[in-house]
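Both complexes shown next keep chain A, but they swap its partner, so chain B is in the first and chain C is in the second.
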Partner chain A sequence: MLFVQLLLGGVQNGALYALTAAGFALIFGATKVFHVAHGSAFTLAGYVFLYGWTQAWNPVLASLAAVTVAVAFGVGMERLVYRPIQRHEGSFFTVFVAAFGVSIVVQNLVGVVAGRGFASIDTPLSNASEVLPELFLADVFWVAIVVALVMFVALTLFLSRTNAGVALRALAQNPDLLRAYGLSSSRLSMLAFALGSALVAPAAILTAMTTGLNEAVGNHVMLLSMASTIVGGVGSLRGAALAGLLLGVAESVVLVFLETQWASAASFLVLFGFILFRPSGMFGAAVAR
Partner chain B sequence: MLEFSRRALLGSALAAPFIRGAAAQEGPYILGSVFPQSGPNAEYGGVFTAGVQLAIQHMEADRLVKRPLRYISEDSQALPQQGVIAMTKLVNIDKAHWTFSAFTAVSKAVAPIGDRAKTVMINGGAVGPDLSGLSPYFWNVIPLAHLETRALLPYLVGQGKKRFALVYVDDPLGDAILKELGEQLPKVGAELVGSFSIPRDAQQFGPVAARVRQVRPDAVYIASFGAQQSQIIKGLRNNGVSQQLCSYSAMNLASVGSLPEAEGLTFTVQQVDYAGGDALTRRFAEDFRRAHGKEPTVYNANYYNGCRLFGLLAAELEKTNTPVNGDSLKETLHRVKKFPLVGGIGEFDAQGNMMAAIEVVQWKGGQLVKLA
Partner chain C sequence: MIAYFSNLATLVAIFGILAVTLNFMVGYAGIFSVAHAVFFGLGAYAGAQIALTVAPDPLLACAVAALIAGVLSLCLALPALRVRGEYFVAASLGLQMVALTLFSEVKSLTGGIGGLTNIPRPQVFGVEVSVLPLALLALGLLLWAIHAMANGSFGRTLKAIRDAESAAEALGKPVAVAKALAVAFACAGAGVAGALFALHMSFVNVESFTLEQSVLVMAMMIVGGTGTLFGPLVGAVLLLSLPSALSFLTFIPPTEVGSVQQIIYGLAMTLLMVFRPAGLLGDQTKGKSQA
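Entry: the complex of A and B
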């Protein structure tokens, strides 16, 4: 039963990792911007929802506020940080350092405004009960699964059935051709940042309910998002989501065989495994040089 | 009767305002801290700093020392590497007379630097037992973990808790608590049925809870700190661990007390009577409440004491015009031994550890309730 317990716990965490990883992969795939500040969108969304919760807002309103702030942050980064840099020289390293700097600023601002330390949402959704002997599940498990599924189905439909979605995929594959057709890559980049950042909001809200928040929580999220993008295959949204799920399950199930201190390391063992034996990731295409 | 000429009196009167100024011309006493001001343990940095700042405020108001005081705060992020950088700056560039450290791993990392520079380091937050005697210049104004566990375990065993599980952070503090529980539990008729090490950056504790449930403990001891300890509490409680939770003084944080899952958490702290204590303790508590709008914690008191101790030692040295440095401060500490501090008379042993009474407390409705 321990295995089943750990597997289900891993699926719950993996669903949240999948959402954040898919957001990062969407942004990176479409714009080629290594958005290190993606974790900051997560932090901001979580704290905005937490603020709404403590102010007794309607949870739907608080959720919308969290999504809005995450989207505004993502779009703001694209407009005010990445685009000016890319207009001048746009080297990968400059973009990386700028994003990293912003994430540190956000971390400290959150600490100053919301207080340094642990904060969480007290809800019965996260209280597990014994559904079978030795098997504990909380309602938030089902919420996480359903939310992740709904978000992925909606995103898939958007990317495959709408003009904007198809254009976004085209941007990822050939931005020059896209411009030749008269489409605005600038607007599409903004859309990629908006959608990618929106994806972190549900994960941040559910994290606030389960493991809680602190101003540095985005760092962990960012690491997992990057690992998932590599494991899933750079440029593959589906791959990143599946890899997020896989990493979540791996860091939980590994405790059947190993001591608890190896939980986090398991994710990165999976990452190293892919880098060594399948560098293109689960769904990435091999590139011949 | 002594007679003074008018000229002498006038001269003295004119010189009087500059007597203190002359001392001040020697430059201020530099007090430096190596506390986490960012990252998941930043809450502690704020708590520790508040204690130091209030002590400085009181020392200046009382004119306890002749020279002005200058406080420099460096951010350790509760990481040894950052701590070493911060401490190196404090002793080599700022030429600090007195420093404060916190966190076991950080304290152990910075101690050799302070030791080489003969700069006193005061710890009021870390509790790793091996912090005792770390350096002749490293002093503890907090009871270390071995004293805390020896107070807590007999109480819990008396409550019928015989099987203990330990969830501990993989660092010197966690290792020290593991060793301590392994040695002490059999002595009080209990056993350590499971120990679960976690990395410092771990955030998911659902899987750990599943492993903890498996060993069927009566009580679960948590040896961690900062945001992580709250995450552990929430993670265990939300995932079916309903047994008694217990820990050490790191749980004496507002963010832990306000956590619904921390209800009933039992731990140890130093005994300080803010309401009925001596005048110094009452003044500390009243001014702290006025400044921060909340009750002080033991950490506030510890770093207040750590800072005040400098004032008392420096004042003693100033009386005999002895230079204030690491060696003279150390010599004075060992000579005087007892100092009026918040919580009563603080007495230091030969290794620079302040002895203090310990009590067992519990979070109940967001308030600390004394159990024993």
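Entry: the complex of A and C
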């Protein structure tokens, strides 16, 4: 039963990782920006929701505020940091360092403003009940899975059925041709950042209800999204989401054999193995070199 | 006051070693590692164990530390040969996270979270010496070696690989060997810095070898100017003086000084990358970063 319990816990976390990873993959795929500050959008969204909750706002309003802040952060990064750097042909390392600087600032500002250490929300959703002998599940488990599924269906529909979505996929494949057809790649980049950042908000809210947030949570989220994107295969949203789910499950199930401290090391060993032996990931076509 | 400044100078020299060796890897060879603190840590644990179990001889400690860090740098060289760009950064981040777990879990060698304590003071020929002259000597030697290499054929091969790997390979340059050697040299340098750090602090624990530390070293290199000889050293001086400069600003509550410091260097990294990507000492005329 312990195994099933851990497996279900892993699925719950994995569903949330899948959302953040899909956001990262969407941004990286469409704009080729390695958005290291993706985790900061997660931290900000989570803490905004936390603030709204403690101020007894309507949860819907608090969630909307969280989404708004995440989107504003993503678009702001694109406009104020990535765009100016790319204008003078900065290398990817320049972009990486600038984004890392922002994530350090966000982590510490949140620490100063909201206080350090874990903060979580107690809702009726997070009370676990025994569904089977020795198997505990909280309602938030179902919420996480339904939210993740709904977001994916919506995202897939958007990318395949709407003009803007098709244009985004075109931007990922051939930005020059896209511009030749008279579409604005800069507006589409903003759209990619807005959508990708919006995807982290539900994950952040649900994390606040389950494991809780701390000011450094963004680092973990960023590393996992990055790992999932590479393991899944760059350019494949489905791959990134699946890899996020798998890493979540692996992190949890590994506890059967190992102690807690090894959980994240295990997922990075997986990443390391993929980079060494299959850099194109599970579903990627192009090799990294 | 003198003790305070000699402590600061020692730390500047040690972090200067870290920054210039990282710069050799990033600025000359184009291998963007964010795992430099891992090799700093390996050197520190190796140096500490030598001082604790064999003899508090700094030269022996540095040599063993350099050897261990240099050999284990293969963990970094392998992905560097396979992939580059974002993928390599991701691999080195992964290495950093795995190594951090190992540092805190392999308690027999590293003492776990508690760390290794009571490391004896370094002695040369039975005479107790301070770490400052040793660190300055090591820094000077490394700067000289980097200068010589950068202007020699090895440095030019590395720069060629950095700028156009396929072209360098087509011209018959030994790409794999050159990359592996550059990584080994830089990591061995970080190992020496680690051994000196352990001897200087006479205490090491996993806190000093985190991702934040790697990023701090990276920030030193970038603030000063990637790909310049003295830039990283300037960056080390600036960033290490920051805490003491902040302590003069009494309106910041003491509990928040650490955060304010981090916010300042995070902001500095971002603003520099946006407005002056080549760093303070870098060549601004090129219009793009050396990195």
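Everything below uses one rule, namely that the second predicted complex is superposed on the first by the 279 of 289 C-alpha atoms of A that agree within 3 Å, B and C clash if a C-alpha of one lies under 4 Å from a C-alpha of the other, contacts with A are read in each partner's own complex, and residues count from 1 in each chain.
As a working rule, a residue touches a chain if its C-beta (ideal position, glycine included) is under 8 Å from a C-beta of that chain, and two chains touch if they have at least 3 such contacts.
Computed from a predicted structure; not experimentally measured.
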Next item on the list: State whether chain B and chain C clash or fit side by side on chain A once the two structures are superposed.
Entry: clash
Next item on the list: Quick one: classify A:F158 as touching chain B (first), chain C (second), both or neither.
Entry: neither
Next item on the list: Return first, second, both or neither, reflecting whether A:L109 touches chain B, chain C, both chains, or no partner chain.
Entry: second
Next item on the list: Please indicate which partner A:F96 is in contact with in the superposed arrangement: first for chain B, second for chain C, both, or neither.
Entry: second
Margin query: Just to be sure I read the superposition right, which of the two partners does A:F34 touch: chain B = first, chain C = second, or both, or neither?
Written below: second
Next item on the list: Once the structures are superposed on A, label A:F118 by its partner contacts, choosing first (chain B), second (chain C), both or neither.
Entry: first
Check: Between chain B (first) and chain C (second), which, if any, makes contact with A:H88: first, second, both or neither?
Finding: second
Note to self: Once chain A of both complexes is superposed, is A:I275 in touch with chain B (first), chain C (second), both, or neither?
What the structure shows: second
Next item on the list: With the two complexes superposed on chain A, say which partner A:W57 touches: chain B (first), chain C (second), both, or neither.
Entry: neither
Next item on the list: Could you give the residue numbers on chain A that contact chain B in one complex and chain C in the other?
Entry: 107-108, 111, 261, 264-265
Margin query: Taking the touch rule as given, give the residues of chain C at its contact with chain A in the complex, in rising order.
Written below: 26, 32, 78-79, 82-91, 93-95, 97-98, 101-102, 104-105, 211, 215, 218-219, 222, 256, 259-260, 262-263, 265-271, 273-274, 277, 287-289, 291
Check: Can you list the residues on chain A that touch chain B in the complex?
Finding: 2, 5-6, 9-10, 12-13, 107-108, 111, 115-120, 122, 126-130, 134, 136, 138, 210-212, 214-217, 220, 251-252, 255, 259-261, 263-265
Next item on the list: Using the touch definition up top, name the residues of chain A that touch chain C in the complex.
Entry: 28, 34, 80-81, 84-85, 88-105, 107-109, 111-112, 219, 223, 226-227, 230, 261-262, 264-265, 268-269, 271-272, 275-276, 279, 288-289
Next item on the list: Name, in rising order, each residue of chain B that touches chain A in their complex.
Entry: 38-40, 42-43, 45-46, 167, 170, 196-199, 201-211, 213-214, 226-227, 230-231, 234-235, 237-240, 253-256, 259-260
